[in-house]
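What follows is a set of structures for review.
What follows is a pair of complexes built around chain A, which joins chain B in one and chain C in the other.
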Partner chain A sequence: MPARTSWIPYALIAPSVIFLGALFLVPLVQTVWLSVSAGDGLSLENYQRMAGDLNFSLAVSNTFLLTLVVVPIQVVLALAMATMVTKLDKGRDLVLWVLTIPLGISDLAAGLAWLALLQNTGYLNSALYALGLIPGPTGWLSQETPWSLFFAIAMAEVWRATAIVLVILIAGLQLIPKEFSEAAEIFGARPWTRFRRITLPLLKPSLQSALILRTVLAFEVFAVVYALGGRNFPVLAGEAYVWQNDNQNYGVAAAYAVLIMAISLAATAVYLRVLRTRPEQLP
Partner chain B sequence: MTAATSKVLEPGRSTTLPSARRFLLWTGIVALLAWVLVPIYFVALGAFGGRLGVFRWPKSIWPTDLAIEPMMQFLTIEGVFNALINSLIAAGLTVLFSIALGAPAGYALARYTFRGQNAYRLLVLLTRAFPLAILALPLTVSFIRLGLYDTPFGVSLIHTVLALPFAALVTQSLFMGIPREYEEAAWVFGCTRFQAFMRVVLPLALPGLAATAIFAFVISWNEVFAASILTVRERTLTAYLLRILSESPLHYRFAGGFILIIPSVLFIFAVRRYLFAVWGIASK
Partner chain C sequence: MADIVIDRVVKEFGSFRALQEVSLTVNDGEFVALLGPSGCGKTTLLRIIAGLETQSSGRVVIGGRDVSDLAPRKRRLAMVFQNYAVFPHMTVFENVAFGLRMQKASQADVRRKVERAAALLHIDGYLDRYPAKLSGGQRQRVAVARALAVEPAVLLMDEPLSNLDALLRLEMRTELKAVLREAGTTTIYVTHDQTEAMGLADRIAVMYGGKIDQIGSPLEIYATPATRFVGGFIGSPPMNFIKVRCAQGKAQIGAAVLPCPVAGGDIELGLRGEDASLTADGAGIPFDVRVVEPMGSHLLLTGSIDGQLARIVAPPTAKVDAGARVGLSVDPSRLTWIDSGTGRAMART
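Showing the complex of A and B:
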């Protein structure tokens, strides 16, 4: 029985619509409004202050650099993980559980876990010392060592958030009919060809959603950075936090928020366009 | 959904690899497992090693002289226990709200065709293209006015925005997996729609709903930015740790990190069967 349109579905979705209206759409408009209002009227003063800030260009380039390095590595690593896991015949559930553990780990906790490894008297330095590569405790996470700090943050991000890409890709792999690959194998296609010509194109929708999700979150990166480097490595969300909490300047914080939103939306639009799948391409 | 999710990637399909390649495969797998587990292991050593453990040089990778005291000391620091409780309250409320608001919407999407359906779906999907935690910034002012600022309740509201779209989409497919005929049979036997839902659909949907609830809990438990913006004294654990980050000794930070990690590990274990089905749906 196809249920007729009645008041019931509207009553069922109404609470969530009201909720999202009040706590998603309203704050969205408020943020934009806050960012363009200064004193009594509209002005771009907040944006000027944001752009004139010492940390601004550093925060922009750091955030972009981190995203451009971390997201591709995560996708490639997750693809490799997924391919390896599907080849397992024993212990697959256990391996999958361990590989997906970071999915539930907070970015703050991830940063602290890597801090345990990388701090001055940490395990990395102990290992390097044992190998005779360094004379004693060495700092990797200070302002004087921007590249190793960047590398540490990137590693912690890859460690934490590859799991989500892995889960989305494995969910996508399950939807691909096995027959395609088997047919190709009969016709003599090598594993690499099968992967490139069959698996990868059919995985495009999953890749798209994984990329959107990860990129939006990557531009929000904040707690990992703070746990490892404090304010030594400015990022956009961190600057928004500082302007809001320490400087108590909600206008400039809102300007940062609008900038992050604009970048996220632009990235989403690009992914939707570049990786779109026409209906006839689906199995 | 239940039948499809019980087996993730059914095993045993033509996996007779030559032994050299099998060795290579397992080497890779072991490396990946180590990559995931080693940082967790080290933060655990840091959490139970205390002040001396942090500064020992050079360190041994074996768990020598660990003790429960450093962790206990951390928990008795003023504010830590309170923050832990606040985190639990915020996460509990997030679970409650996201299920209470999301499940009815999921049911509506699964069982009815109605005008505005696509608009609703778009609204839900739209939330994904936005950095939602950032939206906590303007809420500070209105939350102060409403008396919600600096309360776990206020934090849970913004966390529900994060968890709700997810809950709606997952419950939709959950209810779609339960045949409509079951419900109709109950109607025939004289149940009202509500009774039919409670007695027939709900018991079948319960495991999936539990998994959705756990995801909502983890989302809230882990969130840092909004929680830090919206609290001052009644901080959640993540907000507390972020605030004391620069002034607290390392072993306290590791203890905090360890406490944050533990529930996640257990929860991922509890929902591992649902993980792939849930994300397969939620990422469409």
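Showing the complex of A and C:
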């Protein structure tokens, strides 16, 4: 029996491996190669140019700041929304559908929608002006207002990408048999205790998936930032774009891409380790 | 310790009435089984007592306290679930300790009570393990230990043995009875398995169609069923029902004459397979044997009485051939007479 089954798993994952190899691994190797080649041979020149750039440290700190603010807010919001949705008896599908609408909107379109709200002559200013709270058009997204710009980008990102966390967590919550929560309730656990001691630990595998996905995507944040702030708020992916298109320097752009990948891989490794569920603790 | 009074509890799911004015009193320390086929409302009733389901009307009183509107955690009871509901992310120790931790018991208290409950259920060797490493039977013991550790006044059990294999079920049944007798806990036990209910319970409430058809000791329910359903549901083989016509207080089947509880009319005779014995000379109620099944401890004879299906239990040594006509003698005091219209048993004479 073991002899017969040993090759089957490999055969089954072969198509995906081939697909990943052709469409991900090859470009990946090419990107890495591009980033470490300058002139005739191998060198770290591209990385030096990247690190020496005026916007580099700002892009790094902005990207991290945005990730560290946005991802926790999204997880907490998604947990609250998922708990609410799974408790609904009626209209559950409609509520879930409405909550996931942002998922269907491209990130650039989402950025532009928020721009329409927040720009000088946008809906927010019109409303504030009508209420007599501001004297005239006020800039929220300029270099002079870094905090309101940051707040606007964070809000747009939270609005745009919380739904993906929500969807994963709802799927996870549905896998937890309700008897666990009922048993905890019978034995005296209050709602918050049930959530903390039963639901959250049993949701850990889904939470891990959601966090990995969201964090990796947060490090790649680009379109929303680009739409709202342009280069007033430099982020890593935005810098890669600038070097690729405006500066026509593919080497430095590749270096940025490799850096983003390294950060994402490191974050994934941390999540895999910290949120590990030991096999004997699975239901 | 506490008694349980269920007072005219009704549960409606939309237009469907799952429970129709169910009333039941369980005495302090008593073990009552709710027995019935699936869909009879027994689990719904148990969940209403636990507070996991809200009754549409009626009251639940535990130990003199009306708990009808209280949250489950305020009802001071424990429950064992059909699929155990043992927390997979906690060790056996933490599972058993869960209720005590929620009560904020001291560390020493938790340890003492967990160890006592674990010893009672023979799981003291696995306290550091996770449930995934345990067999179904061991997990069930953890679930029972978790319930007993809090020393509940009331214990609710929802088909706790139905996920175990037959041999383990028998073993756990015996053990459960001993453990619960010792603890003196008032217990309500939901099951669809009549042998479980008969073996464990002080009293059985037989449920059917959202109502309790009969409440009584296992022997009462077996020997004197209150309805046709109870007679047919309890016992293996189930009670035989033979339609007979009474005239002048007597019913005639073949050459045999039985005293009727009514002067005249069509009624049904309820006869347990083992309450009939084969007559030596073939006299008595005529029984046409069609199939003979040797069961080891007895012979199960399937055939017909007066053209109606009947199953009779005969001693293993009886000489009966398929196709033969034999005679049965019955003790009139062990017969149940059923009103064909209402399906209820008639008053015994």
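One rule holds for everything that comes next: the second predicted complex is superposed on the first by the 262 of 283 C-alpha atoms of A that agree within 3 Å, B and C clash if a C-alpha of one lies under 4 Å from a C-alpha of the other, contacts with A are read in each partner's own complex, and residues count from 1 in each chain.
By definition in this document, a contact is a pair of C-beta atoms (placed from the backbone, for glycine too) under 8 Å apart; a residue touches a chain by one contact, two chains touch by 3 or more.
Values in this document were obtained by computation on a predicted structure and should not be read as measured data.
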Clash or fit (per the criteria above) of chain B with chain C on chain A: fit
Chain B versus chain C as contact partner of A:247, first or second or both or neither: neither
First (chain B), second (chain C), both or neither touched by A:87: first
Which superposed partner A:188 touches (first chain B, second chain C, both, neither): second
First (chain B), second (chain C), both or neither touched by A:201: second
Partner, of chain C and chain B, that touches more residues belonging to chain A: B
Where the C-alpha centre of chain A sits as vertex, the angle toward chain B and chain C in the overlay (nearest 10 degrees): 80
Lowest C-alpha to C-alpha distance for chain C against chain B (Å): 6
Common interface residues of chain A - those touching chain B in one complex and chain C in the other: none
Chain A-facing residues of chain B, complex: 8-9, 11-13, 15, 17, 25, 28-29, 32-33, 35-40, 42-43, 45-46, 54-61, 97, 100-102, 104-105, 107-109, 111-117, 120, 123-124, 127-142, 157-158, 160-161, 164-165, 168, 180, 184, 193, 218, 221-225, 228-229, 238, 241-242, 245-246, 250, 253-254, 256-258, 260-261, 263-265, 267-269, 272, 275-277, 279-280, 283-284
Chain A-touching residues of chain C, taken from the complex the two chains share: 50-52, 71-73, 77-79, 81, 83, 85, 87-89, 98-99, 102-103, 129-130, 132-133, 146, 150
In the complex with chain C, residue positions of chain A that touch it: 177, 179-180, 182-190, 193, 198, 201-202, 204, 277-283
Residue ranges of chain A touching chain B (in the complex, touch as defined): 1-3, 5-6, 8-10, 12-13, 15-17, 19-20, 23-24, 27-28, 30-31, 33-34, 80-81, 84-89, 92-93, 95-117, 119, 121-123, 125-126, 129-130, 136-137, 159, 164, 167-168, 170-175, 178, 205-206, 209-210, 212-213, 216-217, 219-220, 222-223, 226-227, 230, 237, 240-241, 244-245, 250, 253-254, 257, 260-261, 264-265, 268
